[in-house]
Amino acid sequence: MNEKTKFALRGLKWFRWVLVPALVVILLTRATPALAAESGPDPVLRGLNTVWVLVTAFLVFWMQAGFAFVEAGLTRAKNTTNILFKNLIDFVFATLAFWLIGYAFMFGNSAGGVIGTTGFLVSPSGAADVAGVPLLAFWLFQLVFAGTAATIVSGAMAERTKFSAYLLYSFFISAIIYPISGHWIWGGGWLAGLNLGAGFKDFAGSTVVHSVGGWLALIGAVILGPRIGRFGADGKPKAIPGHSISMAVLGVFILWLGWFGFNPGSQLAADGPNADIISLVAVNTNLAAAAGGLIAMILTWLFVTKKPDLPASLNGVLAGLVAITAPCAFVTPAAAIAIGAVGGVVVVYGTLLLEKLKIDDPVGAVPVHLMNGIWGTLAVGVFATENGVSGLITGSADQLLVEAIGVLAVGVWCLLTGGILFMTIKAVNGLRVTREEELQGLDLHEHGTQAYPADAVAG
Amino acid sequence: MNEKTKFALRGLKWFRWVLVPALVVILLTRATPALAAESGPDPVLRGLNTVWVLVTAFLVFWMQAGFAFVEAGLTRAKNTTNILFKNLIDFVFATLAFWLIGYAFMFGNSAGGVIGTTGFLVSPSGAADVAGVPLLAFWLFQLVFAGTAATIVSGAMAERTKFSAYLLYSFFISAIIYPISGHWIWGGGWLAGLNLGAGFKDFAGSTVVHSVGGWLALIGAVILGPRIGRFGADGKPKAIPGHSISMAVLGVFILWLGWFGFNPGSQLAADGPNADIISLVAVNTNLAAAAGGLIAMILTWLFVTKKPDLPASLNGVLAGLVAITAPCAFVTPAAAIAIGAVGGVVVVYGTLLLEKLKIDDPVGAVPVHLMNGIWGTLAVGVFATENGVSGLITGSADQLLVEAIGVLAVGVWCLLTGGILFMTIKAVNGLRVTREEELQGLDLHEHGTQAYPADAVAG
Amino acid sequence: MNEKTKFALRGLKWFRWVLVPALVVILLTRATPALAAESGPDPVLRGLNTVWVLVTAFLVFWMQAGFAFVEAGLTRAKNTTNILFKNLIDFVFATLAFWLIGYAFMFGNSAGGVIGTTGFLVSPSGAADVAGVPLLAFWLFQLVFAGTAATIVSGAMAERTKFSAYLLYSFFISAIIYPISGHWIWGGGWLAGLNLGAGFKDFAGSTVVHSVGGWLALIGAVILGPRIGRFGADGKPKAIPGHSISMAVLGVFILWLGWFGFNPGSQLAADGPNADIISLVAVNTNLAAAAGGLIAMILTWLFVTKKPDLPASLNGVLAGLVAITAPCAFVTPAAAIAIGAVGGVVVVYGTLLLEKLKIDDPVGAVPVHLMNGIWGTLAVGVFATENGVSGLITGSADQLLVEAIGVLAVGVWCLLTGGILFMTIKAVNGLRVTREEELQGLDLHEHGTQAYPADAVAG
């Protein structure tokens, strides 16, 4: 037995430290998968809604691949392994963190409207249905949303963040930051209960998911500072193109597809009038995406790069998708086009603004998810029809005010906790790789590998 | 504020010209998303069918990514941004064009069996269900089909068409050409009403979708002329291999998956006997794809390249899929294998024929979509069982005649309108890039970028 | 007419030899797609379950693309066309082989518990429902499982197997080996009937699908021998990195998504208590994937490569997925985490073990599918709750014994038939390419092409 083998065997011993706590957890959750009796609703109806929730959850899971490919495509080959790894592992962390505590903080019985307190180590044993579907179907749907919020951050902080730092903040975002503000809005917390003539509305998460990811992306990018070479000595910005537009396009197509799960799935039901709502939501989602892509293409063509610009158009599509996420169930198709079109404007000028401020966001996560998350949430106040069924552009001042309060509250929460989180990691673990590592690439230094080794590519 | 910023700000002003018309449109469509009452069918049944239609529509949307990757993989890296951009933006255009006028032309109340006249700016307000599902679910399903027809053309005209020309014809195809011939067949028009002992049958669109795309691809490729270097001075064809077989394979897998939405989804319902039909359609679709791929591999192996040829086999799979699209709900599994196998023959010899005629179709769109669209439509006349439920190869002469009439009518329509469209664009805007642009690549000239910049790839 | 054309025309003549047998088959199966009457169950319920089975079957089909990309990404560019082609064509063969005889051997009326004997050339004519859904829906679901078993083998035997040999064994696996052992367990055969205090349980195929593929991968890799350069003259292993980690990551995301069809779909129903089971299965599947990925990352980081290793983590995810496949419907979420975590240990140390034994498995198919297939099957005996609804870790010694018998029986069957199959092919056709072909790449020699031709990549 050589040295390497001996050393490797230590791993098996070490694994006891995983196995023993795991067994403890299992015993703690001595819950049985007792299947809920067919009480209450028609079993076929319950089955239909479960199928809808599960299939749309699968589509939202698929968005993880979309984020991975958009981010990898828009960054350099020397950091490809690193960014793909982050996008894989953050969903691993989100899954386990949400199971341990995240779901409980978000959807448990509320402590003063601030945080949930029940539902740790989720288990189907004796669980009541949620929203007419089995608890675990609802849980999976919420988990893939939590995963989305966490993964947004990786793009803005790409090409310079330590892998270990990423693991740390990825865990805290999925386990604590996202679930708590989520609790305020979707978990029965204080924002959900707020009523100033109108209640806060965010149908599928322009604020709950995208703005949260976007705020954390922003504060992270600011604390990290720009990549070497992104701004010249004279302060002039210098574009750093990504290594594969093909991967970025694949990512956007995946995200567009996934959004058909994200938005229509959020209704959590498909029968009767729900069928009308999910159809409206699907159509609105698609119209806004198209309008965002079109306007971003036209604006950059006429006023920015003077050519039809594919990365800008891709972000335009994503901008439209983020913007329509909050209002998709409350507005008409015509309004969805308007919301998406404004999203396209926001993303083009938001990108220029960030550059002006010398904030380096390699993939445009802040203009896409934060700025359009805000725009989409406010758009509920502008375009929402009364009761979701009558009138048009009734969007009252009341509604707009409540939406603004929600945007603000979530912003303060994220900047505060995100600031503390990133500063603490910076102090304790370090947040950024060394200059040498950044120049040579994170793949080589962090993972001892290359995404496309010359030997293997040459044959 | 520097020059660049000032200039960019003009874009915001310019955007008024988008916003104002958008608001006008919104006011015009002061329609409210009034949700249809639960009249008529069982709400659970309606929900089930809506879920089926939406999920299969999502799969058909996903085919856009499939086309993008097949076309990009089979062409050169210097044109990758351009072809991907076209495949993204044609769905953007299809979405907005279909919303504005396309859907109305295709499914509105018929004016003399020629064109629809109602349903512009589609809105759910007070809309009756279509085929047992909410109007908007039906609308989305039809939109993704329109997007498919439009995107087929880009492959045959790849690597030499101006981006601006592509935008123009992409719009006209989705808005006018596709919807009008579609109206004749699926919108209650004259072909649907024709009865010469049998009515014209095209279950999921071998003719309505694929032939239309294929005819336009053919006339476009002819008017454009071949790529520089495709045929030598001596007239001998010279293969121009694509830059990534991996992308092409991914594209074909995506399309195969998407076809499970395209064909089975076209039943628009899943209960009772519909469950039998969608199961039959899914199985037939898969069998034909396999048979087409197998025969194309064997034929090229034995008689053309003398080696098992992957691009030919990929097109064989697609040929089988296109061919089974019209007859999939009317034929037995054994017949589906025969139809797919003949599709494999058609695509291999069709490709050789096109080369003989010195028509340059970089990805084989014409053999796949046009020739097999025709074959699949005629196959209804050969293999369809009577009433779809009894007998076999009852395919009557009557049926075959009606299918041939439909094929011919759609061919004349597409060649005529396509010819006018492409010639007009050629005269007004120009259709083809310059020789220099073609040699250096469309990415650089049309978009000022590269798909895989050397700097980013090297690290 | 030149020589080439003349030669090609011979193909058309040759095609008679396909067409004539095809017509004979059609006449033999003069079955009509007679649609089952709406007898028995509620038509909406039947529709719901059909939609569930079809949609999950589509997801499992999509796994073919996942395997293709994992395998292509983890091998060298000079063999990319070859490995992608194999992954495409094995599904073509699986489709036709399963239609001809595979389905009949697996699910036909049992001859002594050993093999099925009815259901050749499947046809919907007068067919009774299976498991509450139309025969053809059930058939498609089973076909995509057969395709999965076949495709696993290609990874372990990559970069050195003759294409013609691959076609041969791919056919025999889908047509004979997989269906017969499958019959024992899922087709009502002897293992299904075995009762030693408990019956053999394999919910979605850790043994039926993954171990079968894994055993055949093992025996194939052993008979082939390692790739040139995989072990030095001194016997020391030398890693041969793949050409694109991006493709491998895409493949794993596709497989993870597809597994949401593989496992939850295996319930074949979604109403009432089935809704609880499919929700539990989906959650368990995801938790095990995450735990497997996490543990594999930690173990390699601490004890093997000393860095967070992406390929190992990808295989960790797949290991968790394979391991949870048998027990997913019988265990609690906490147990799913434990099962996945142990899967991560198994894959890391299994990979080292194979290397120790000088067996060359380029993508890790044996540790992932065989070792974790075995572990997952045994885990049913360790973690299964009684009746699937009460208790925890009740996993009795009885159950464990029965699981072990099943594992053993399938292992003996696969090693025996696989050994005969590979040795026969070796003798008759040759199994491995020549040294020169292997060094220059299979793409060039087997297919006369390159995956990424320099000319096309350079522009």
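The first chain written gets the first letter, and so on, giving A, B and C; residue counts start at 1 in each chain.
Note that a residue touches a chain if its C-beta (ideal position, glycine included) is under 8 Å from a C-beta of that chain, and two chains touch if they have at least 3 such contacts.
Treat the numbers as computed from the prediction; the structure is a model and nothing was measured.
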Same or different contact residues where chain C meets its copy chain A, judged by the half mark: different
Size of the rotation, in steps of 5 degrees, that lays the CA trace of chain B over chain C: 120
Centroid spacing, where centroids are CA-atom means, of chain A and chain C in whole angstrom: 32
Interface hub residues of chain C, defined as touching at least two other chains: 44, 48, 51, 55, 244, 250, 452
Chain A residues within the chain C interface of the complex: 5, 7-8, 10-12, 14-15, 18-19, 22-23, 25-26, 28-36, 38, 43-44, 46-48, 50-51, 54-55, 57-58, 61-62, 64-65, 68-69, 72, 80-81, 84-85, 88-89, 91-93, 95-96, 99, 121-125, 133-137, 139-140, 143, 163, 244, 247, 250, 446-453, 455-459
Residue ranges of chain B in contact with chain C within the complex: 42, 44-45, 48-49, 51-52, 55, 59, 75-78, 240-246, 249-250, 252-254, 256-257, 260-261, 264, 269-280, 282-283, 286-287, 289-291, 293-295, 297-299, 302-310, 313-314, 317, 331-335, 337-338, 341-342, 345, 348-349, 352, 356, 385, 388-393, 440-441, 452
